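Each structure below is given as structure tokens.
What follows is subunit A paired twice: with subunit B in the first complex and subunit C in the second.
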Partner chain A sequence: MRGRPNLYVSYEEEQRILPTMTQRVSMTFLVLVALSVPFKVIPGIKFLGDPSWLQILGLTFIFLIGALGLNILTGLAGQVSLGHAFFMGVGAYTAAVLGGEATNAVYGFGLPIWVTLPAAGLVAAGIGILVAPTAVRVRGLYLAIVTLGLVFIGQHIFRSWNSVAGVPELGRDWGEFQFALWSSDGPALALQSDGDWFGIAMLGEGKAYLFLLVLAIGFTLLAKNLARTRIGRSFAAVRDRDIAAEVMGVNEVKAKTQAFAISSFYAGVAGALYGYFLGSVQLETWNLFFSVTFVAIILIGGAGTTAGVVMGTVFVETLPRIVENTTDFLEVQVEEGGWLAPIADFIIRTEGADFGLLSTVENGPGLSVSQMNGLLFGLLIAVFLIFEPLGLYGIWLRIRNYWKGWPFTY
Partner chain B sequence: MTATMDRPDAMASGSGFPTVASRVRDWADKLPDQVAMREKDYGVWQEYTWSRLWDLVVDAAHGLLALGVDEGDVVSIHSEDRPEWIILDLATVAIRGITTGLYPTNPMAEVIYLVNDSGAKLHLAEDQEQVDKVLDAGADAFPTVTRILYVEPRGVRSYDDERLMYWNDFMEVGRQHRAAHPGEIDRRMAEATPEDVITLVYTSGTTGPPKGAMLTNSNSAFAIDNIVMNGERIRGGAPGPHDLILTYLPLCHVAERIFSTWHMAGAGTVLNFAESIETVQVNLREIQPTLFFAVPRIWEKIHATALIKLQDATPIKRVFGRIGMWLANTVGKERIANGGNHSTKSRIAYAIGNPLFFRPLKERIGLRRCRWAGTGAAAIAPEVLEFFMGLGVPVYELYGMTENSAVATINFDGRVKLGTVGEPYPGIGFRIDEETGEIQTKHPGVFAGYWNKPDKTAETFTPDGWLMTGDVGEWVDGTHVKIVDRIKHIIITSGGKNISPSEIENSLKASPYVKEAMVIGDGRKFITALIGIELDTVGNWALRNKIPYTTYRDLSEKPEVIELIQKVVNETNEKFARVEQIKKFRMIPKELDHEDGELTATQKLKRSAMKDMFEELVEGMY
Partner chain C sequence: MNVLFAQVGGSAIDTFLTKLIDGLALGAIYALMALGFVIIFKSTQVLSFAHGAISALGAYLVAYFITVLNWPGRYLESLPVTLSFIISAMVGIAAAAVMGMLIERVFIRPMIGEPLFSIAMITIGLDIILRTILGDYLGQGAQADVGSPWGLLSTSNISGVIVPHSYVATIVAAIAVVIVLVLFFRTRTGVAMRATAFDQEAAMAQGISAGRIFALAWGIGAALAAVGGIFASVSPRGFGVSPGTPFFALRAFPAIIIGGLDSIPGAVVGGFAVGIAEVMAGHYLAPFADQLGAGFSQIVPYVIMLGFLLFRPYGLFGTEEIRRV
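The block that comes next holds the complex of A and B.
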């Protein structure tokens, strides 16, 4: 009730995604900010309208959709899976076959994106349903190993099935990243070329960004909503203790199958978008490391929470770029002798004999930027698992509860 | 079917003396779709609109008629506070019957006494626990009771007693009767007279068996006019339909009856039923009532809990907590010196303290939106009132008793005097007997007598027709009244000195560590006391001082705890003259309880029972 935030007179009210006015206003503001990123609204900020940032953020949204899927399976339903990359691969190649152009080497039907995206999700979901029964038999680590197997089986299939995935060394092309009503029509929304939208000049990256933003918001809302439905609650019950869940009347087999299906659907869509967005993807992409990235996202963000997954994705996906930008900045400091030069000199190794943690020259001691990224990544996962199992969301919760509890602690 | 449909125009409201039932009907006409009650069920607050509430009342009233309950018959209700309580109460008044309530904690023996003394024809037992108290007493323990309603079917369905009837079935019977006899209830309500007895409120019985005080329609009308609709007591005017009340004290007590039922009927305030007495603090936070009445025990509990939570907070919060408490004290002292009004100094302190400390604290304890808070039924420690006054939740102490419909004295807004129960309501007959110091009242709120006890009734009136309250009071500054003690409790030591034990006990109980205190000394050489600790606070204190303990008894017998209580006793002794000082004390080895006979249902000490029970402890001190 208004003015009485804890007084709920109906379940609808209690279950609202954004219960308070403050939350609604701040969320609207956040969406408005996200919508304005492709435009140079504030001239001073380089970040706005920068194609390389738009590219990174576009990828972030794709990863977000994938991570939301894994979060449903692992965070919500408690089924540890390392096979996420495989399901993304399935989705990606489904979209490639349906949406790509046929050549004499590969299949291709040239269907528009509104057919291929759902199809990619559905095919992945179908395979997810096939896999689900194993999750009923094995739990925890063993399930992780089983799903790990999927990644290797998948890679073998992709490598061998050349008419679908192309020749291993070359890969294959996905269709144009555009939204057309039918394949013979011209694109209704061209997402890869510059042009005007409603009279506003837009970069191709900007258009793709907005398209992906809308999809990401949609999938986030769906995921958030799922968590508060009967299905979502049955997932949580299975996660917390599957035997207890069955005692309460939750059908374990059904719940786990649903979790796999929904999770794989998300993965399939994300995989397809990944293919479209990059145009061409190497076979090796769908490997274990790709899966681990998603596990890292939900662990760093906060397993089981939608907001945490959003935070985790943004954090993990922009971190490499931030490290890179910082390295560049430090390098400039060393070369031009800025006020940070002494520290920068210590961290950065610019020449062969110089000491430094990070090396910006090829070959030699010290870490390269990408090695540094890998290291940070591993370190973050370990730190979060040990100190903040609820991830970034947990940190936010802690801050929020500190003020919520004011002037008490409990 | 809405409430208005089956009422013939000729019988429109206005005819018949206004009763609590007819007032609710008027609200249903005026605000049919507005919320009248909320009850927390399955985790959310389910709402009842005025029209639905009145509809249910009419159904229930027809149900009573169908079961043969007629005007002048008694209906007894043995239940926690819940909508059915109010519905059955109003339905009974609507057919000109009489309701009486029992405390949920009443043990079987008291149920037998109360139901038979009132001669109830229909008895509502909330759940299996209360039904058992009736059925276990034997088939002919209740000769007058023809029907036993139950609201919670769990565990009762399998019972085989033809008097038992499920609430929903009862309402269905009522609906059928209503269809067959439309307009019957309105016809009966139009016959209501001021002299109709509407309820029997049983006295708590600290000394003898409880007596049923008869309150009439004119009593309730007088209380509604003088207490409920009194705009002078509340800053911002008399209560109305936008005010929220948390109903949690037993409705069979006159205080909660006035504060809930009569407020609802008179002012149209929204009642919110707490889940249980244990969840009051949680429910308070949810409801954030605008009007809140509590007995001193609850205020002291909220106060003590807040202090302990502040002590347990993290360092930064503790620093802010200390600053906040200092500001609250400043504001509290200033306002009390000004009769409850702000001074410039307190206004500044309040402006600083409110966003930093007071507002979040009030939000946490559930009084952020409270515009009137009251305390009564027992004496309260001034420190507690000062604390709440400092927070900006002025708690007004008031005084009254069942026999005068609680119309006696109240602290009006802006004219508060700490340590007094306020001024008499304007225009009522109120005097303090010069010889005995006893408070006496005479006004239309004075009850019609004790049920079936004309001799006892006669004993409570002076020859010139004034009600003797049995409380000793004295005037403060000629306007305010201070309650000294019950006449019967005054101790006369063997030295011939008159001592009021309540003052000493209240001073002891002002400490957060003391829950119960009983001062002894009648006919003795010196004063002693039995003291019971507050388990929560002393337990927390023991934890912080690393004193391990197992049970209540173990904790109260720890030397460190006795030392702690000794300090409290010493502090109290400093405030009193030599003869009034406690020379020795003993710890009460158990938590006092209604069912064990040490307390009344309203948690008052049964002094004689206590003396018998802890005779060894008492004699050990002399």
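The block that comes next holds the complex of A and C.
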């Protein structure tokens, strides 16, 4: 069927995850590029192999897993949720209790990661099923408020249950980010210390990056595949018109409960990885803003599309670093009088009386870099929703269709 | 904050009445916030998550006028503190109303007809933006003092019942706002607003400009948010505008769920009920604070809300949604 990419002769063919040869080749290429990042072999993106960038990319994969979970609930099943942070927190503290070391103050069983990660997902999914009866009864904005309530109640529980979550301000640790067969064994795969892997010297960040990349790819494929199954199709039916779905024999309550459970499983795993990856997490992490980040990721990426979620996560998670780098660049321009100095001087404030939107010195007017990030984040949500409701995926579709149809515009 | 009044001597009934006034005052703030939510929701079907930021910005403007600019006291030296506060509050409330209208015109108007949650998400984005700007002005961990128009901690002790003056002012202001709103909905503009909320097309066919009504609703909603924010910042409820001020609006969500998302009487009843429940739970469950955790009273509204949703998903006065295939 070469040259006729839209001709499908069987249902299986149409339902494939990557229907065309071009997509298969480009996806393989993308995965290979991603795998090569810690080894710094591809010119142009070698800087991504630096520890600080590997850290950001590792976090991006964790957020990707979380965002995929929210996408199943919101994008696929149409149930808006602001409670994702709560489920991530549940997963994170489950992993902390099972995987962390016991001290006088906190529980800990020191179990290896292959036990704690699935357990974190399952406990979060269980809580999701517990919450579902309330959530199934309400729809739309009411559901958003209910899940918002979950975040506040969850934060209170985390703050109060010191034997699980540690003392406020201090938090607790999650145990080593490593892959061991059993707690008494040495690590089979140490994920945070530098060392050799198959004779290749690796940074600790590089190892964690690869581990998280493999997990992220696995969860992406699972999410993509879920949409093709009976369960996934029942989610889409409920999203599109819940009463019509029920008329067609879809059990609405069951579908919504399943959506909550699966989404919470993803969230739980992501939360556990977040804890492991950062080593210790502040109690205030699991707040409304954290939930909003995930909603923003899927809206900026394009709700309901797996590719969109991937694009949205990369965009949202790398943006702060890009803003920071740009600010540094502009600051150097101002100080050294580079060719961009006149514009840069207008944008950033380097000393007391200077004018500028961004301030690189403390105190006084002007936004700090983190405030600038907050501002951009809020603006992006609003701008994307107003001008590009399909998100980055919509932009990608338009670019693709432009070249597909070229020289015609249709 | 409430710790100041925790040491209530006297009989159980005095304690109860003291706490009741505390609860009514907190409920008045929630009711003001909830009214703003409901008016905006009824007219434009938008649930504004930016409410908290608007309320805090409105209150911050008042603080800015009073403490930073010392306006209007700068021009009228002999002006009483209370009057100066009220004038500043009027300006702050008006500014919040203008901001609400601007938000409606710039961000919400282009989104008419889009999914409701998308519009709600835009307001979350706006909330982040406004809170960032507010945070920049406030600085790290700082508070902006709105002044103490009713004295810092001035209270009256009426035969054992302790009555903080600013609580009385809060309750009186909320009741006044409700009365003004009831009267407003009987005027020509108010009727037009109700008509638009009921059926936009029919209202437009009668010559009502729906766009103007939307702007008006956002203006009123934002003004109410600012009133709530100001009273949430006045001592002893809060000691000035802080990064925590916007959360008063988020804690008013249970009030509108309990009252019904589209019911104005529901917002008032829900607001007072939630406020009283929060204060009462904080006082009478205090012996169990070890098990419940510090500050548990702040999540009491949400727990009540979740329980409520199981039995009456559309609130006390809300209209049940009719679903058609």
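General remarks:
As a working rule, the second predicted complex is superposed on the first by the 394 of 410 C-alpha atoms of A that agree within 3 Å, B and C clash if a C-alpha of one lies under 4 Å from a C-alpha of the other, contacts with A are read in each partner's own complex, and residues count from 1 in each chain.
Heads up, the rule we're going with is that a contact is a pair of C-beta atoms (placed from the backbone, for glycine too) under 8 Å apart; a residue touches a chain by one contact, two chains touch by 3 or more.
These numbers come from a predicted model, not from an experiment.
Of the two partner chains, neither subunit B nor subunit C is touched by A:Y107. Looking at the shared chain after the overlay, A:R4 reaches subunit B, while subunit C stays out of its contact range. Contact with neither subunit B nor subunit C is seen for A:F346 once the two complexes are overlaid on the shared chain. Residue contacts after overlaying the shared chain place A:G374 against subunit C, while subunit B stays out of touching range. With both structures placed on the common chain, the touch criterion links A:T409 to subunit B but leaves subunit C unconnected. Judged by the touch definition given at the top, the superposed model places A:F39 against neither subunit B nor subunit C. Between subunit B and subunit C, it is C that contacts the larger number of residues in subunit A. Of the two partner chains, subunit C is the only one touched by A:L385; subunit B is not. Subunit A residues in contact with subunit B (one complex) as well as with subunit C (other complex) do not exist. The residues of subunit A lying in touch with subunit C in their complex are 80, 133-134, 137-142, 144-146, 148-149, 152-153, 156-157, 159-161, 241-244, 247, 288-289, 292, 295-296, 299, 363, 365-368, 371, 374-375, 377-382, 385-386, 389.
Against subunit A, the residues of subunit C that register as touching in their complex are 47, 107, 110-111, 114, 116-122, 124-129, 131-133, 135-136, 139, 250, 253-254, 256-257, 261, 292-296, 298-299, 302-303, 305-306, 309-310, 313-314, 321, 323-325. Considering their complex, residues 3-4, 6-11, 13-14, 405-410 of subunit A touch subunit B. Interface of subunit B with subunit A (complex): residues 38, 43-47, 285-288, 306, 309-310, 312-314, 317, 320-321, 324, 357, 360-361, 364, 369.
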